[in-house]
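Take a look at the structure below.
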Amino acid sequence: MELRVSDLAVARGGLPLIEGLSFAVSGGEALVLRGPNGSGKTTLLRTLAGLQPPLAGQISAPPEQMAYAAHADGLKSTLTVRENLRFWAAIHGQNGVDAAMAAMNLTDLADRQAQHLSAGQKRRLGLARLLVTGRWLWVLDEPTVSLDVASVALFGEVVRAHLARGGAALLATHIDLGLPEARILDLGPYKAEMPADLGFDEAFL
Amino acid sequence: MMPDLGTYAAEVSLAYVVSLALIALLIGWVWARGRRMKRALDALETRLNRKQNGQV
Amino acid sequence: MASLWEYANPVKFMQTSGWLMPVAAVLAAGMIAVGLVWGFFLTPDDFRQGSTVKIIFLHVPSALMAINAWAMMLVTSLIWLVRRHHVSALAAKAAAPIGATMTLIALITGAIWGQPMWGTWWAWDPRLTSFLILFLFYIGYIALWSAIEDPDTAADLTAVLCLVGSVFAVLSRYAALFWNQGLHQGASLSVAPGTRMDWSYKGPLYLCMVGFVMLFIALVLAGTRTEIRARRLRALLTRERAMG
Amino acid sequence: MIALLIRDLRLAFRAGGGFGLGLGFFLILAVLVPLGVGPDPQTLGLIAPGILWVGALLACLLSLDRMFALDHEDGSLDLLATAPIPLEGVVAIKALAHWLTTCLPLALVAPVLGILLNLPGPGYLWLVLSLLLGTPALSMIGAFGAALTVGLKRGGLLLSLLVLPLYVPTLVFGAQSVTRAAQGLDPLTPILLMSGITAGSLALLPFAAAFALRINLR
């Protein structure tokens, strides 16, 4: 179980953001991507998840092995916690909804509609969704936004448990996640350079 | 000069006037838009060139 | 055939269109001027339709270009989807307003012609109806282009719309035929049934048709040049912003 | 796939899901037309097939922009695109859910509104039949239009502009079959042609719509 990225370049809106990026993540590891806003973290993760094509380079693991989670949780406000999780479990051909709710401390809220959850509870539900996908590589974009300290700690435990099962996690963030064992990859050195020549053809970004 | 258009003079002339006006409008629009874009691009390119030369 | 794709390169296209466009424009102006003057001043009246027959020199060429413009958009959209040449997508974008204007001219001249012939400005004749529907397709296509910010996304989505729209436009044509058998003459080139059209009609008509084709070519080339410039302008601005 | 259908149906029936809006619109339209046209039963009977078909078509249009836009806003669409089900299947299921919640009820109440509009006797059976066979095409074409406009902020109006011309053939054949039946003519030809359009739309448009969705997610 390994994700190997070699010489990857990604672009957003036709503008190259990252180039020459190579790294590897294998089972049991967590890798934190760091970089200022606009450095292409989100674009990189969306490219890995197969939502947009890379400009260049190879990604060894197919998107089918990754569980992607972004700022929006993909939750329906009029469905209950259990219904939301059951849906995503069914889509991925998995069960284990109860275990996921237990792990994210949501069992007591199982029959509450998502619109009546607090922001932190919603975020936990979004992370519980990752557990029911049954995929080994988690690709997480700012996973701890709007979580309080206790919830961040809980999140750390969930990721750690996932790593212990042989899973891996790729996280983009600019705040501390409370995962001291995670490797850190700074995206700064991979910032794409603008080609100096502005030939007519190249102007077609 | 004007030919005898008979009973339908109004209709025939109207058809010609309207069609030619529409074509003129279209040509004018394409032309004006082309000129505006060319000007804007030229202005930008001069600015960028000056910037580049200034930095070197 | 390989050499044809050279023109998909923007630089090459700008060079070639730079001299081709004025040539087409001059040809268009000459042919349409001669054709229309010949048709308007020198053509005899039809024994049945009187002088209204002179509308044919505008009606038929514009109708021809209304359909051919869409056909050209379909082909260039396919080229964009398959080979991803930007010039192709931009040419489709440039052709749409021209095609829409041609459709409008065909509709208006048709209505004006219909007034004395059928006694009404508008009849839900299948051919007129089909053109009205075609006009709606043009409007939708143009609206989709202008609604989407990212140029590549817009090119992709409008190309799909053009493909799907073409199928439904043809279906609509048959639906309109089924729905009303219509007042239009079978073929537009046989002006009065039973009489062969003679050269005093054919001459200006053919001249106008070729002239409209030239006009279309000149306008599409001019429009595509503008779109290429707009695209480059956008690209340069984005890059400047990114470099700070 | 079935889970997606169940979720969409459940969402439609929950509060704020918008179920019944189209139905209400259809009813209001059928009431407004006689108020505008006048109460003459013969005139009403003559235009009833067309009014009912146009009404059903517009009612169907009302809920289209929600089809993908809501899932786009809350991120579900990204997640569905990365899920192990084909996006073409997602589109088809979404169109099916739209048909079940919007168009099927329209087809079932149409005869009642037919009474209000004085639709002639033989028309009723063909009205329901033509709506049942024709509206799947409306849902599917609508799904294509919704996929084209999913990323846009004010996509609703543009969606109507794009979708309505595509509705023309279905409308013409559907309304013709009812008109012919109401006049005692043979309605079979138009209804077969319309079914052909429906079959073609169902077979091909999921691919076009999924292509458009992928581009909009890019």
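To keep things simple, chains are lettered A, B, C and D as they appear, and every chain counts its residues starting from 1.
We adopt the following convention: a residue touches a chain if its C-beta (ideal position, glycine included) is under 8 Å from a C-beta of that chain, and two chains touch if they have at least 3 such contacts.
None of these values were measured; they are calculated from a predicted model.
Enquirer: What is the graph distance from chain B to chain D, where chains are linked when they touch?
Expert: The fewest steps needed to get from chain B to chain D is 2.
Enquirer: Max contacts between which two chains?
Expert: Going pair by pair, the biggest contact count turns up for B-C.
Enquirer: Closest chain to the protein's overall Cα mean, using per-chain Cα means, please.
Expert: Measuring from the global C-alpha mean, the nearest chain centre belongs to D.
Enquirer: Just the number, please: Cα centre separation of chain A and chain B in whole Å.
Expert: 51
Enquirer: Using mean CA coordinates as chain centres, what's the gap between chain A and chain D in Å?
Expert: 37
Enquirer: Please compute the C-alpha centroid of chain B, do the same for chain C, then give the distance between them in whole Å.
Expert: Roughly 17 Å separates the two chain centres.
Enquirer: Based only on mean CA positions, could you tell me how far chain C sits from chain D in angstrom?
Expert: Taking the average C-alpha coordinate of chain C and of chain D, the gap between them is 32 Å.
Enquirer: At which residue positions does chain C touch at least two other chains?
Expert: In chain C, the residues touching two or more other chains are 232, 236.
Enquirer: Which positions in chain A are in touch with at least two other chains?
Expert: 198
Enquirer: Give me the residues of chain B that touch two or more other chains.
Expert: Within chain B, the residues that touch at least two other chains are 48.
Enquirer: Dump the list of chain pairs that touch, please.
Expert: Listed in label order, the chain pairs in contact are A-C, A-D, B-C, C-D.
Enquirer: Show which residues of chain C lie in contact with chain B when the two form their complex.
Expert: Chain C residues touching chain B: 36, 40-42, 45, 50-52, 54-55, 58-59, 62, 97-98, 101, 104-105, 108-109, 112-113, 115-116, 215, 219, 222-223, 225-226, 229-230, 232-233, 236-237, 240.
Enquirer: In the complex of these two chains, what residues of chain A are touching chain C?
Expert: 13-15, 194, 198-201, 203-205
Enquirer: Write out the stretch or stretches of chain C touching chain A in their complex.
Expert: Chain C residues touching chain A: 9-11, 14, 86, 150-152, 231-232, 235-236, 238-239, 242-243.
Enquirer: Enumerate the contact residues on chain D facing chain A in the complex.
Expert: Touching chain A from chain D are residues 2-4, 6-7, 10-11, 14-17, 73-76, 78-85, 217-218.
Enquirer: Which of the residues in chain A end up touching chain D in this complex?
Expert: 46, 49-53, 63-64, 66-76, 78-79, 83, 86-88, 90-93, 129
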